[in-house]
Every structure is written in structure tokens, then in C-alpha cells.
Amino acid sequence: MKLHEYQSKFLFADYGIPIPRGKVATSADEARAIAEELGGIVVIKAQVQVGGRGKAGGVKVARDADEAQHHAERILGMNIKGLTVERVLVDPGADIVQEIYLAITNDRGAGKPLIMTSMEGGMDIEELNRERPEAIIREHIDPIMGLKDFQMTYIASAMGMPRAQWRSFGKVLKGLYNCYRASDAELAEINPLAITGDGELLAVDGKVIIDDNALFRQPALTEQRDSSGEPESERQAREAGITYIKLDGQIGCMVNGAGLAMTTMDMTKLYGDADGIGPANFLDIGGGASPEQVAAALRIILSDSNVKCVLFNIFGGITRCDEVAHGILTAYNEVKPSVPMVIRLQGTNAVEGSKIINEARIPNIAGADTLTEAAKRAVAAVKEQG
Amino acid sequence: MSILIDKTARVLVQGITGRQGGFHAKLMMEYGTDVVGGVTPGKGGEWFEGTPVFDTMRMAVETTNADVSLVTVPARFAADAIMEAADAGIKLVICLTEHIPVSDMMKVIAFCRRHGARLIGPNCPGVMTPGQAKVGIIPAMVATAGNVGVVSKSGTLTYEVGFAMKNQGIGISTIVGIGGDPVIGTTFVDVLEMFENDPETEKVALLGEIGGSAEIVAADYIKNAMTKPVAAFIAGRSAPAGKRMGHAGAIVDGGEGSAEEKILALEAAGARVAANPEEIPNLLA
Amino acid sequence: MKLHEYQSKFLFADYGIPIPRGKVATSADEARAIAEELGGIVVIKAQVQVGGRGKAGGVKVARDADEAQHHAERILGMNIKGLTVERVLVDPGADIVQEIYLAITNDRGAGKPLIMTSMEGGMDIEELNRERPEAIIREHIDPIMGLKDFQMTYIASAMGMPRAQWRSFGKVLKGLYNCYRASDAELAEINPLAITGDGELLAVDGKVIIDDNALFRQPALTEQRDSSGEPESERQAREAGITYIKLDGQIGCMVNGAGLAMTTMDMTKLYGDADGIGPANFLDIGGGASPEQVAAALRIILSDSNVKCVLFNIFGGITRCDEVAHGILTAYNEVKPSVPMVIRLQGTNAVEGSKIINEARIPNIAGADTLTEAAKRAVAAVKEQG
Amino acid sequence: MSILIDKTARVLVQGITGRQGGFHAKLMMEYGTDVVGGVTPGKGGEWFEGTPVFDTMRMAVETTNADVSLVTVPARFAADAIMEAADAGIKLVICLTEHIPVSDMMKVIAFCRRHGARLIGPNCPGVMTPGQAKVGIIPAMVATAGNVGVVSKSGTLTYEVGFAMKNQGIGISTIVGIGGDPVIGTTFVDVLEMFENDPETEKVALLGEIGGSAEIVAADYIKNAMTKPVAAFIAGRSAPAGKRMGHAGAIVDGGEGSAEEKILALEAAGARVAANPEEIPNLLA
């Protein structure tokens, strides 16, 4: 779960990290009032969870309250990469002497938290990593021992931090680690962490991503979820306990297991790509799905008007294919889809399952023995519809 | 010898009185696995299908002399259950549980390392040595005994490939499901190394997916240290960047972890990479 | 630093451990008011930091407020093992079905926290350890990993805790561990932890000792220090940064280094014990003591009217004996003690130091070359005074 | 060979720019110890008596290839300094600092163990191999080279005994001050074992005190595993129970840790126990 910039920075403040004393506005009038209260130059920043909002015109500097109102008016409601701007953060302008990059993230390979930091902050870290990887200092944290004081000195000295800022940088780093750990974050990033004209550190921009699997013990963070950027169908699926991701192809996929679901998508693309045909979604129906869940999943798939065919690929392991077949028929009778459906059942009781499907003699349902055959049939069915 | 488990494995099931735990414990017994007991705190003294249930792993290990443990408890208790197994002296812990927070797993893996315990998973289907034993949920019908080692991040995709191999008369030495989480106890390289050193394994099938760089590291190992041929499949060529594809670890992030780069690396390392998993048997024939 | 029972229990409550809802009284009227408020049977407990207060009559059960006032009147002001009772805790009577012992302490040998617990609580744990050591369950905690949930189950099952109480016992144990860790305790003990008639757990008595070396980061606990049981001279020494412990012999000792200070005490006893002569105190003047500190130490030693002789034993290592000699003379001139003094200087610049002392020609100062000689001289000086 | 340190030891002083650290670093250099540098965060690049000062142990070890570290920093920074040394690859860390909280030390000792580093102390006078090197504050004048190993919980008491030995012409192989805190990195038994295996040590003097049971454990070791004669002294026969005698660890508590029980155990183990430390040289003659 991603937090907005303002949520991330307000969270940082809870851990003693200095942030600009800005506020959030949902209207231009509010933005004006905040700018007046802050006085001086302010920055109006669109709060959307995508990168590149600056280039898209979502960040503007205002010299006074009038200008702040003017900018806020234009930014609020703006569409940035498909997301509508509903809030702006109005921050006081900062006198930035140096921009630092500082992040803590999960290093998958090492199985440890990783600190990444650089005196060349402000820019995109992936770009910096490609161009000048030696400018980034990396330090692992022992997941059991936690961050040690000596590591803070090591990092500050290795990255070339001016000595005057070692102590305050150590406090920011410790604060960020405590925030990362206590919030079950996958990423806690400050970019830039500014050194200001008077030698203070200031977290000018921030980004936090929380591990979805840990939300059960993060009630305060869970409450901050903003689903506005999430497609309606994905939200419905999430609430029904189904993993569904909308894509832009024509073949709706219903599969048991995440790896097999991706593979099924890949197969539709493998055989359909030449004709511009591909998967309409990722959908993992899970292990012991009930007929109700199959029906719910089917409805979600069909809510996408691009879908021209639905492909079921079920490998019955512990799950028995005859039971799945019953579930599919129940769901079918409830939803009554008009698009063609290809059903491939394999594994435990596959023969019995296929028999059940066949005996139902539903005109727009075809069977298939292998995944290859099923994918090809689904592609053909889309092609037929032109 | 196969790798990790064989007929002699003495297995405890943590969470044996739960619905999932009990169901799979029974299937494991039917397969011939020597399930010597189960653990459910508060239910010590009960019996499950003729095997004793204990309150703690310490008591269970002392009594049964078990050497393998299967963790089937819910996510919020699973990290503690794995550590309990390692603390009790179990050297191979296999964890099926999905949705364990990564921060817990990082601690658990460090804990297991310090206790000299190998962890497989979490969020994995387990391990099966066909004809000898299975620990986990891999269905009996997907494999016959043979000389191909299979290592995979995914459950049903593995069944699919195993079943296709079986249909073409290709047998399997051991299947190892390493799990689809970002941070896992045993990696591709760990298992490749075991297969490379296993006299009963002649060829290896590797089933990867998008996210992270474990397959790239595996390609390095294949290139530099493996003599046995490897066939591979990487799921997720058609997956968009920045989206988590079901598995917590299956996400292309910051330009890292795409199927393309993994396929390129594996091919450069000399592995034969299938575009369609049903071709894997042909690449192994 | 030891906490009183009421301080310990109120601290436990901060960590979610259930305690009786009693209050502290410093007068009998207050005790009466608390008993009225609580209603029913109450227990009046003297708050003094020594064992055996029950046997000394410092704990009484009262059936009503009148009786509570009566008991409090008798207990307040009572002298228990040299300590005056200034406060009583008025606790509601508990319906105790079973008494459990539960403590976490530092295991010096293992270098780890150790949980000790037993279903045979209430009694003195050292006695239980001697008589039925197998009734005590011991479990170490990894100092880095902390207490694990599985250990709680292990302990509860190994000690024979009824299953109905496992969950609540786990919570008490976790709370006690958190308390121990967060308070830098050397010991956190609940004895008894009661199982009540309705199956609840209740910390009926508690004891916490805080590591003195950690008090710098425990301001809230440091504030709770009760120095009333501490002899005035020890308090003065503590405030002057000198380690001084009053004993009941006649030879005041001033030594550099704790091991040598104990040894010096031992020598006075070795040679004086037959005549009832021994050390009047432990005193470690430390490494680089200034003349002012020597003077302060001398005053503290002489504040004990039992002292009939002062023995200086200084082994000059890094410290130079000539400097120490100057310090002693300065202190002497300031304090002008009338009792005889034996000064033994050895090590770096010992010859120069002894010369300085000798040349001062102070009649009641004698020198000595070895510790043996010094101790014998001090014993003889006490004997001479009869 | 002596134990722990000799002429070849390459020593870093953590806190070298502090008053105590600098003072003792200079004395160590005068004694002939190879002090290769010092560490004070924020003072990297400065020089101290001709040796370089670094910001971090990592840089200091990389640059100087040091193998021993002396920690002289104040109590609230000392635990971190010890861990920094172990993390930087130092295998012998000697900590003089007094008043470190026990809860910190328990973590530090576990940390050092995991990093394969030996810690001596804290709250100890250090280690000296007469004629070769000293790391710590033991005065040069208290010992000459010889074949008696000395291990002690106390500083000045050790000087007293060493000096008495010197006056009787008895030399010392190595003096190890293990420190008077309740939880320490290296115990009597650890050092006895080193002396037992050291060809240059023929006899051993053990200086203990009240509190804890380290001397009882040492007596066990002496009885079961030592061939070399041991002379011992235990300080605190006249100390009252329940009072902390200067050293944080010197307290008779709950009937445990008295001088009497330690003396009895040592005598039962065959050690010769002196009632007066000035007799130790006679017991070793």
C-alpha cells in the first residue's frame, strides 16, 4: 500500500524527522489560506501516487497567496497519468543548499533491510544507479540487531556528508529506520533530504510503501488508504478476496494459482500477439474457490467491456476438477455471459470435470485438453469476432 | 539419494489439528511419508490419525526424534512457528503459509541461519521426492520417480509442468517449491547446487517468474558452476510493470525483475528457455 | 536501585500486568479512606525494602475500614530490620486459588536474561531452589531476539500451568519481559502471581531492581528513588562520586580500586578478628582522585564514630604515589583527624610518596611498606585504644 | 607464544583523542605496543603521536590491518564501539570502560560471538604480555616476563600481586584482567584454558572476588581439565551480603557468590588459596 507524499512526510515527523510545516488543501481557497498562514514563497504539490508529476505540471512555486490560489486551481482536478488530483500539499519554500537521497528498502536477495543514500539526491535514483552507481552508498541492516549507531557514522563518512551535519543526519537516519520498521514498510524514501542554508536537514519529499501482508497490525496506516487511484473492478476483487489486475487485452483469464495465471496470460499473448490479441486481466481464483467466488470472479472479468472471450485454466491438484466444473456451471447460470468461454480442466478428476461441462451442452462453452490448445482456441474466438 | 527428503524423513506437522494442516497431513501419510506427530499449542495429548499431538515443538522433537517440520499455521503465527521448529533442533522446515509480513521473514531467516536450520518457503507448495515422501501440498498424481530435478517459485505451474513430463514418460528426482514471496529461506541457487551434487539428478527444470533477481543469480550459477543441463520457463512476459501479480514477490519494479532480462540471462548461461511450459518435456527429452 | 512493592506493581501495570487496585497511604486516616473506597477485606502492607516484613508484623489483613485504620496506625512508624515504615500499601483482599512464582533476572554466567517460574509460588524462591529445584522451570531469553511466543507456550506447559490460564499467563510473561527490558531491570519478580477464584491472574506482590549503570536513561525510575533506607554517610559518598559502604568494624579504609579495597578490609579482619577488630567500611577512592575527593572521603570515614584508625592503601599504577601523598596531606590539614592513621603507598613513585608523608612529621601518621604490615599496624593501633 | 597478545599485535585505540584514551595510548606506545591508529568519529584525518586517527573502525581496519582494539570511550557509547570493532573484523576487543548497563553487555556479547570476536572486559585493566606488549592500563612496572599466567577480576589487586611476584623474582607470561562486571566477554575458564594450552605458561595465579559463580565454574575446570598448578586469592571474605562492593558484579546475593564457597571449591579442586594476596608468590615459588 502506497502512502501519498503528505502522508509519508507526516509519518516521518512522528519519528522526529524534520519536515516542512505545510498542510493539505482540497480546494484553491484552502490552498490560499494555507499560503497566507505560511507567508512567503510556497510550493503547491499535486498528491498523486505516480512519478513524474513535476514534468506533468503538478508542482508549482507561488510567490504569494494569490499565486498559490491560482496554481492550486489549475492543479486540483488535473489528470496525471490517468489519476485525478484531489489534493495538493502547500509547503513553505525551502532554501536548499544540497539535495540528498536517503531510502531504506527490503533487499530481497540478501533478506535484509538496505540503506541507500547519496549526496546526489533530487534526481531519480534508478537513473543515478545506472549512470553513477558509485555515488550511492549501500549498507545492510541486520534484521535482528537493527540499525547500529556505528553504521550511521560509517554511512555519513562514506557518502561524504559534511561533518557539521553528521549528528542531524544520524537522527534522520535513525528516525527513518524506526519509521520503516514500526510501519512494516517495504520502502521509506526521502528524496530530496535537503541541507538548508542554515545547515539544517529537511525532508522535502517522501515516499512510503507498506507491506500489504502486515496491514493487519497497522490499523492507523490502513485507515489512510486512498483507493481513488485503484480501478473499481480491482477494488471489488480485493474486497471479495480475489487477486485481479485489469490489463488491456481481450481474453479474460480465470486461473488457480498466481504462477499459472501469469503463464496463462503469457500463452494468450504468445498465440494472439500477432493479431493484437492478449490477456484482459490477471486473476488468481486461489485453491478451494467456492461457486460463489467463481461467480464473483466471472462478473468482475465481464465488467471489462474489452473482454471478448473468457479462458478458464484450472489445474486440479488438491482441488478436484469435477467440483470446479460444478462451480463454473453454477456461476455460468448466475451470470449468463454472452461471450464465448474456453474451459480447460487438468489434473485430479479432469475427465469427470470435462464430462460435466460437456453434458451441460452450453453453446458458447468449448473445452480444451492442454493449455496450448486452450490459449489458441481463445485467441481464435476473439479473432472470429473481428 | 534424492535431495532434502526421502523415505527416512521423520516429519512433524505444525498446525496438524487445523483444517489445512490435517487435510494435508493425511494425504502425506497416504503417500507414504513418515508423519511422526503434530504440534498445536493447547492440544498436546490428543491424537491425529494415529499420531500424537504435542503442545510444543521441543516436546515433539524430544519424543519423536523428528528431523523435518511442515508449518501450516496462519500467517500471524507462522513466523513464530518456524523459529520454534529451528529452536527445537529441526534442520529442515517447510512453510506453506502465505501472507507472512516480509519484516518477520527477514528476522526468521536470520534466526534459522543461526540455528543451522534450512527453511523452504514460505508461501510454497513444499517438497516431493516421488515414490518416497512428500512434505507439503504437491498432489501425488503430478509426478513419477525419475532423474529430473524440478525447482519452482509457483505451485500449480509446477503441477502443470510435472504432469506434462509424466505424460511424456519423464520422471522426477525431487520437486522443490521455493515459494513466491520476496524474501524466502531457500533460493534457486541453493537448490541448483543440491541438484548438481545429487547423483540421482541428471537434468534440471527451473520455473521462475517476474520480480527480484533470483533467476539472474541462478543464471550466474548455471553458467559458472553447473554441469547438468537446465531447461527453464519464466512466467510473466505479459505482466505490466509496477503491479503485484498474485505472489507478493511477483512485481517488476524500477526496471528490475522483468521476464525478458531473466530469459536473456538464462539463455546466455546455456539454459534452454521455453516460451510455453508444455514444451519443457521436449527440452528435457 | 530497588523499587518498593507499590512502585514495582504500578510499573507492572504499565505493561499490562493485572495488579490489585490498591493505593498507598502515609497516614492511618488515609489508609482508612482507601479501605472505605475499596470496600470489603483489605491488606495493609508495610513498604520497606527488606525481606521478612510479614514475619515482623508488617502485613495485616483488615475486615473493614476501622480495622484498616487500626493496623495502619501500628505498622506506620514500625521499625523493620532497621528501616522505619513510612508508607503502607492498602490492597483489596484477593481470592487466591494458586500461587505462582515468576521472575526474570540477569543470568551472569550465561550472559542472558533468565526466566524462573514455578507453580509453587508464595514461598521464598531460594528456599524452594534448595528444597525442590525441579519445581522451578528455567528458560533463557536470547538478549538480541527477545522473548519468543513459542517460549511462553513451552514454559506454561513445562511448569504445569492449567490450560485455561495459558493465554493470560503468556500476556503476563510478555508484559514482565517488556518491563524488565524497557526498565533495564536486573530483576523483575512477581511472587506470588495468583490465580484467583474466577480464573484470572493477579500480581499480588512485586519486586523490581534497576541496574544502577542504566539509570542515566531511566529518568522516570530514577525519580522514584527512596533513599530513606540508605545510611546518611553512604548517600553523601554517592553524591560525591565515591563508593562507600558502612560496616561495623573500627578500621576506616581508604583504597584505590574495588578489588584491593575488599582485600584491604579482608586483611584487617584476618589480623584483627581474634580481637574483635575489623573494617569500618568499604571505600574505593578510584583512579585519579583529587585532594578534594580524598578530603571528602576522609570526612565520610570519620563521620562513623566507631572508627578508631584510618588505613590508607594505595597502589600507584598510573596514579603516582607522590601526588597521592600530597592529596592525603591536603586532606589531613583540612580534616585534622585525631585518630591514628596508617599510610601504605606502593607502586609508581612510592618512595617519593613515603618521603613526603614522613617529612610532614605528623605524629598520628605511621607508614608501612606492605599491605600485611599496614593491616597489622592498624589492628595494633585499635588495640592500643582498648 | 604468550596468550592473546604479543609483539605482533596491531592495536587500534577507540577514543584515542579522549583524555584517558590518549594518555594510555601513549603509555602503550612507550611500552613497545604497536599502536597503529585510533578512532574518533568526526576526527578522521587528524594524527595522534604519529599515528592516524580515523572516523570509523571499518576505515581504520582496512587501512591499518589492525587485529586488536582497545575501547576507552564513555559508558553510553562503549557498547556500540565494541560492536563496531567486531563488525569491522577485529578478533580481540579489550574494553576498559566502566558502568556499561548489563542489558547492553548481554547484547554486545551475543553480537561478538556471532562475529567471532573475543571481548575482554568491560570494566577491566586490559591485557599485558610483559616485555612484548600491553593493551590497557596495567602499569609497566608491575611485571617482568616469566612463566606464570595471571587472570583477575580486579585492577589494583592484580598490580599488587604482580608487584609482589616481581619483588620475589617471579615473572609473568601474560596478565589478563577480565573485569569486575556481572556479565563479561571472557571468563576465568576461557583464560585458564588458554594458559593450560600455552607452552610458555607453567603456573597460574587466579584472583577472584565475591559475586556470581565464575570462580566455582573455574574450580570445576581446574579439577577436570588443568594440569598446571593454580594459586588463588578471593577478595571479599569480610564483605557483607547484599551490598555491591564497588564492582558492579561484586555482590553476595541470595546466598550465592560468597568468598567462602569459592575458596572451598577452589581448594577442593586442588588450587592453593592464599588468605593474604602477598602470599601468592610463595604459593607459586
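Going in written order, the chains are labelled A, B, C and D, and every chain counts its residues from 1.
As a working rule, a contact is a pair of C-beta atoms (placed from the backbone, for glycine too) under 8 Å apart; a residue touches a chain by one contact, two chains touch by 3 or more.
Predicted, not measured: the structure shown is a model, and the values here were computed from it.
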item: Lowest number of touching-chain links that must be crossed from chain A to chain C; value: 1
item: If a chain touches chain A and chain B alike, it appears here; value: C
item: Chain located farthest away, centre of chain B as origin (C-alpha); value: C
item: Separation of mean Cα positions, chain D and chain A [Å, integer]; value: 55
item: Averaged-CA centre spacing for the pair chain D and chain B, given as whole angstrom; value: 49
item: Chain C and chain D: spacing of chain centres that average the CA atoms, whole Å; value: 27
item: Interface hub residues of chain B, defined as touching at least two other chains; value: 107, 111
item: Junction residues of chain C - those touching two or more other chains; value: 144-145
item: Chain contact topology (line, ring, star, complete or other); value: other
item: Each pair of chains that touches, named by its two labels; value: A-B, A-C, A-D, B-C, C-D
item: Contact set on chain D toward chain A in their complex; value: 41-42, 44, 55-59, 77, 80-81, 83-84, 87, 107, 111
item: Of chain A, residues touching chain C in the complex; value: 144-145
item: Chain D-touching residues of chain C, taken from the complex the two chains share; value: 106, 108-109, 111-113, 125-126, 142-144, 181, 184, 186, 211-214, 216-217, 243, 245, 247, 255-263, 265-270, 278-279, 282, 284, 315-318, 346-348, 370-372
item: Residues of chain A defined as touching chain D within the complex; value: 145, 148-150, 153-154, 157, 163, 166
item: Touching residues on chain B, where the partner in the complex is chain A; value: 23-24, 27, 75-76, 99-107, 109-111, 137-139, 141-142, 152-160, 163, 180, 182-183, 207, 209-210, 212-214, 217, 233, 235-240, 243-250, 254-255, 259, 275-278
